[in-house]
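Each of the two complexes below includes subunit A, the first together with subunit B, the second together with subunit C.
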Partner chain A sequence: MDLLNINNLRIEFPSRHGTVVAVDDVSLSVQPGEVLGVVGESGAGKSTIGNAVIGLLEPPGEMTAGHVLLKSEQIDTLNPEAKRKIRGRRIGMIFQDPLTSLDPLQTIEQQLVETIDLHLKLGEKKSQERAVDLLRQVGIPDPENRIKNYPHQFSGGMRQRVVIALALCAEPEVIIADEPTTALDVSIQAQILELMRRLCKDKQVGMIIITHDMGVIADITDRVAVMYRGKVVEEGTTAKILGDPDHPYTQSLISAVPRPDIRLRRFPMVNYIEAEGERSRNIDLSTHWLGRHRDFEAVDGPLLSLKDLVMTFVTKPAFFKRNRSTFNAVDGVSFDINEGEVFGLVGESGSGKSTVARMVCSLYKPAAGEVNFSGTDLTKIRSENERDFFRRQMQMIFQDPFSSLNGRMRVMDIIAEPIRFHQLASSNQEVEQIVNDLLDHVGLGAQASVRFPHEFSGGQRQRISIARALATRPRFLICDEPTSALDVSIQAQILNLLKDLQEELGLTMLFISHDLPVIRQMCDRVGVMKQGKLLEVSATEDLFEKPTAAYTRELLDLMPRLDKLSHEGLEVEGA
Partner chain B sequence: MISFIFKRLVQSVIVMLTVALIAFSMFRFIGDPINNMVGQDTSQADRAALTEQLGLNDPFLVQFGRFALNAAEGNFGISYKYRQPVSSLILERLSATLELSLVAAILTLVVGIPLGVYTALKGKGLLSKGIMTLSLIGVSLPTFLIGILLILFFGVMLRWLPTFGRGDVVALGWWTTGFLTLSGIKSLILPSITLALFQMTLIMRLVRAEMLEVLRTDFIKFARARGLPDRSVHFKHALKNTLVPVITITGLQLGALIAFAIITESVFQWPGMGLLFIQAISDVDIPIMAAYLVLIAFFFVVINMIVDILYYAVDPRLRADSSV
Partner chain C sequence: MEQVTPATKTRLQRFFGSDVWYSFMRSPVAIISAIVTIGMILAAIFAPWIAPNNPFDLASISIMDGNLPPAWESAGDSRFLLGTDDQGRGVLSTILYGARISLIVGFFSVIFSMVVGIALGLISGYAGGRTDALIMRIADIQLSFPAILIALLVDGVARGVLPSELHTDISIYVLIFAIGISGWVQYARTVRGSTLVEKNKEYVQAARVIGIRPLTILRRHILPNVMGPVMVIATIHLAIAIITEATLSFLGVGVPPTTPSLGTLIRIGNEYLFSGDWWITIFPGITLVVLVLAVNLLGDWMRDALNPKLR
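Let's look at the complex of A and B:
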């Protein structure tokens, strides 16, 4: 008997522009002790299925066909009160972001005890004992004391453990985990996945893991369903789907996952999905504005040279200096980047890699050390004019394409702003022409210029960010996790675009990422950071083939085991 | 925590000194204090003597220092008009204003927060749409008009409630209260509603907006996914998180209730500080004006400090021991 059955599920979202079918004729089943993966890119409808199963569809979403059976009992037709009693008691749910999943104003004990007492009616005392026990099971050290703490006193990984404990409170039969590790570092991700897998086997719980990450799928699932535009296009055992996919979409999806084992010249494109932006018209860079004035004064030695960079944050402010607690986010970092080189900086969250980037472009003032750019120490610059001169040569692309563009400005003005500020064009007409050319060049098309950022998808917005960064005709580009918020197929497109631009314009890049496979594909040399310190710097291929630092080896080991992935049918240009 | 309070105290003292400076400069720059005190026929020599005696020939800083020290002790001099110490004049009326503001503040919270929660939860219902429309009227109608309309309806047409004054009051030491007599309580109703109406709608709309925001957060979604009943999700988790920002606004508004009771007090002839202040303006009674200014600033500073400390109590994230 199946534990959970989803039969012919159809979910519609009526809107002003007609009905959107989010989930179309989807059937899935889970056995006790089995982990089913549901994989797909954003908008494929995978989260909607999870919400529908627990009866928490966001209005105006509506189940128009199909049914959900829990141990052969139909649960989608129950009244709201009966559905509520199933939630948490028989079906548990884990969400993506552990930082926001817990009530910040209550101790985790209050939250655990409330849930346990509600479902199991154990009374205050027994519930507390069970809460401590649960925390021990999910691997929180010293649970008797930590249980009195508030969520903000736990790190991200620990909070996700608390969330899992909360989902396990009443020993549910099914757990639905919606992107449970997306917000976590790889090392934490590995631990959490291991924990989930163990709990699932020990307690014979059926688990559905919803994710966009092929690495997670390879790590933990027994079976996989691949979703594309609301439909399940392929389903089978994990080994079969990853090793020998039948459907062209699955094949494209898997081929777009950056490979950790070998460096390719370009990312394979997901050819099944129509590319959201392709270069409609290439600009001849030898004559175009963008390609002119690229004769920056030559430098002896590296273009960028960091010396013993230190950044200190005050964690506990106090009136007297001796009472203040400080924390060195970046602690004595030195490295060089040569002209035309792509330098990667890799590390887990909190390792200080973004802080380094911010100091390089003078967003933060370093507590000590030098930032030498083409022979000038940027930290010593006093005059605004001189600073602008370097700012023009150095641009940044940020991680989050949703908050890095001003939502009240049209794309035209967003991209034109740096051109106007640095007075790089002689007339307004010329500015507009340049903006349109830039948009064309990054693959958006000039008609994008009159629209607002919210009208674009994440990948398109990241293209706008790139166009904006190019608008000052920079020499040096800082990319801070430029694709970590994007789907894998979009990531491939954006990274290809960055590679092309880098080659065409001879850009020098500082490329920051936590994703080792991406680093391998993009960078010439890599620095590994941990807790504010730079552990090692080496040529990318050397780092992957023979890492020196123990921590680097650890990181490499934690890379998702993609050896199961198929690379057949992979057509790589000039690989 | 201690250093935080210490810092706030230093800031508060700076604010109070600045306000005191403004109050003090009124004496020097609005009219001639000697002219205000003596009659037409006082001789020039007497005037000079009085000026010397009052210390008005001293350097500016000395005079200001003297004023600030006196003010810190609650001594604001003698009212030009009443010929009584300003401090005792204000003290007499302080209880009237504070009682009115207190009742209005309680009304604001007791009515505003539940209505805000209701309209946030039942946003589509007819009743909450009606409440939202009414609240627009509450925000946009000026206080004096509401007061006059209430007087017209309940005082003149229905003759249910008194339209002016405090009714009978009972003295408890220097504090006089209207809470203990029927006429005192009846007299409080119309002015406190008038004073509270704007704040009530403001708090209601604020609570509604904050609550809608909180209801969209992940932890509410996760609470529902754990099967917690609506009652617990709404009141235990959502409401408490909603109230964090509401506390600040409530603190500021409490200050505003005391300070801007002036209009309500004028309309209802309420014998409070506001009325005293309005009369002081028309009489150019500068000591009263100065004292009122300093006192209101003092209220604001104290209330804001309490709000900041309350923040610490409500929100564990702000407490100093937030180590991992």
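Let's look at the complex of A and C:
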């Protein structure tokens, strides 16, 4: 007998622009002790399924067909009161953000004991013992004392453990985990997944894990359902789906996952996603505006050379200098980037890698050190007009495609702004022609220029960002986590585009990412940062094969194992 | 990519397709208060043409018509629908002309506050540091006085400094300045808050990487993105400004009695309230309440419609 059955589920969201079918004819089942993964990209409807099962579908969404069975008992038609009793007692939930799923005003004890007493009616004493026991099971050291603490006294990973304890405390039969590790650093993700899997096996709980991350799927699940636009397109054992997928969507999804162990020449065409506007090749770069004036004065030695760069932030502002307290976000960083090279900078959040990028392009003024660009120390430049000469040669692509474009401007004006500012074209007509060509060149099509940013998806917006960065005809491009806000298949498209542009235009790049597999695909040399310090710089292959710093080894060990993924259709570089 | 809809929509087409217009059409309160507000504004603008008689034309008014009750009462006169005041001016006509003064003072003082507040807020938020601290401390100091007190103070100083006949001529400008200067703090604080959020967004950083100068960034990039909340405050502030003007005029420090506003009318009528001539004060009072209520409800709706959290 199946533990949980979802049959022919259909969920609709009526809106004034017509009804959106978020989930369409989805059937899933979970056995006791089994971990089922539901994987898909944003908008695939995977979270909606989870919410429907626990009866927390947000209005105006409604189930218009199908039913949910828990041990053959239909639960979707129950009244809200009965549903509330099932939630927590028979179906436990783990949400994405451990910061918001605990009540900050109550101690862990209060929250756990209340839930246990409510569902199991053990009495206060027994409930307390059980709470301590649960905390021990999820690996919280010294549970007798820590239980008296408030949520803010725990770290992110510890808090997610508490959330798991909370989900387990009423001995539920099924646990639904919606992106349980997305908000956590890689090092903690591995431990939490391991814990969840062990508890699931020990207690014979059925678990549904909803995620966009193939690494999580590979680490923990027994079976996988792949969702695409509200439908389950393929379902099977994890080994089968990852190693030998049948459906073209699954195949393209898996081929788009950056691998830590191999370097691809390009990501194979991922055409199952939003149609990539055909990149037009009708621009002849040797004669076109974009290709002209690329004969920058040659430099002796590296194009960019950082020497002992320091950045200090004020952590406690005050009117008088002596009352301020400060913190060094970047502490003595030096490295060189040669012309035509892609240099990667990798590190966890807060390691200072973005701060380095912002100092290079003069967004921040370094507290000490030198930024030498083509032989000139940028930190010594005082006049804005003098700086403009270097700004034109150096552009940046940002992380968040939703905030990097001004929503009040048309795409035409956004891309034309740098051309007009640096007076790179002689007439308005020429500017418009250039913008249209640029849009064509990044695969959007010239008709995009009259529209506003909100009419585009995240991947398309990132293309607009890239077009804007190219509009000054730069020789040096800084990419600050350019794909970490994007779905994996969109990420593959954008990485392809960046690779192509880099080759066509001979760009030099500083590529910043927290994602080692992405770094491996993109970079020639890599620097590893931790807490504002640069630990090691080496060629990409060397870094992955024989890292020197202990911290690098640690990072490499924590990467999700993706060696089970199918290699079909991949062009491996150097193989 | 989804099908490209005929891409060049005009601004008007985009407005009618927007969520704000949709929410407006779904809210009876918003529609009614918009109709009332616009109706009153039009009536005030076209007062010289629609008023049944001109209360300021000394040739046409007669003291003999003084203190007539509204037309439907037995002693009423059909020429004066809402009765007359002590000098024989029709109450309906004086209300139309009075609303004109009230609205002019309201609108221009709001615009004055807005310009000063937005400019200081943008500078404060974008520059940060000591500039920010200085501007915001001044704002805090001003906030510790009631707005009406500041308006009274400014008005009083103006009366003391300017010769009295000159003051009568420019009293309306003094009033606009007094009310305007008492209201800039709210705009400055809101704009500063939004600017702090916007200036850290990546589109502003992108503009800085290009090399765009701070003033252009403020004007072209940040200003359009902080205007939403400003429009909401401006609407609600319009109601407050009209009330402030009425209060000042009621206290006798506002516009001179020769060009009465709604507040002046209420004050004049107040003197006759106990002799039973209620219409002189009640009708301007009702007009003021309806106008302010309509503007306030419109502002309330706008705050909800523009707030992404409430959608």
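Assume the second predicted complex is superposed on the first by the 472 of 575 C-alpha atoms of A that agree within 3 Å, B and C clash if a C-alpha of one lies under 4 Å from a C-alpha of the other, contacts with A are read in each partner's own complex, and residues count from 1 in each chain.
The criterion applied here is as follows: contacts are C-beta pairs under 8 Å (C-beta built on N, C-alpha and C of every residue); 3 or more make two chains touch, one makes a residue touch a chain.
In this text the structure is predicted, and so the values were computed from the model without any measurement.
With both structures placed on the common chain, the touch criterion links A:Ser404 to subunit C but leaves subunit B unconnected. Of the two partner chains, subunit B is the only one touched by A:Leu56; subunit C is not. In the superposition on chain A, A:Arg16 makes contact with subunit C only, not with subunit B. Applying the stated contact rule after C-alpha superposition, one finds that A:Asp97 touches subunit B and leaves subunit C untouched. By the touch criterion stated above, A:Ser155 is placed in contact with subunit B alone, subunit C being left untouched. Of the two partner chains, subunit B is the only one touched by A:Ala167; subunit C is not. In the superposition on chain A, A:Met396 contacts subunit C only, with no contact to subunit B. Within the superposed three-chain model, A:Glu114 lies in touch with subunit B and out of touch with subunit C [touch as defined at top]. By the document's definition of touching, of the two partners only subunit B reaches A:Ile86; subunit C does not. Contacts of subunit A with subunit B, set against its contacts with subunit C after fitting on chain A, overlap at residues 319. Those residues of subunit C whose C-beta lies close enough to touch subunit A in the complex are 1, 4, 7-8, 22, 130, 133, 201-203, 205-213, 220-221, 224-225.
By the touch criterion stated above, subunit A contacts subunit C in their complex at residues 16, 274-275, 277, 319, 358, 361-363, 384, 387-388, 391-392, 394-396, 398-400, 403-409, 417-418, 421-422, 444-445, 447, 450-451, 460, 465, 468, 472. Residue ranges of subunit A in contact with subunit B, taken from their complex: 54, 56, 84-89, 92-93, 95-97, 100-107, 114-115, 118-119, 150, 152-155, 163, 166-167, 169-170, 316-319, 323.
If you check the complex, the residues on subunit B that touch subunit A are 3, 6-7, 217-219, 221-229, 232, 236-237, 240-241, 244, 314-317, 320, 322-324.
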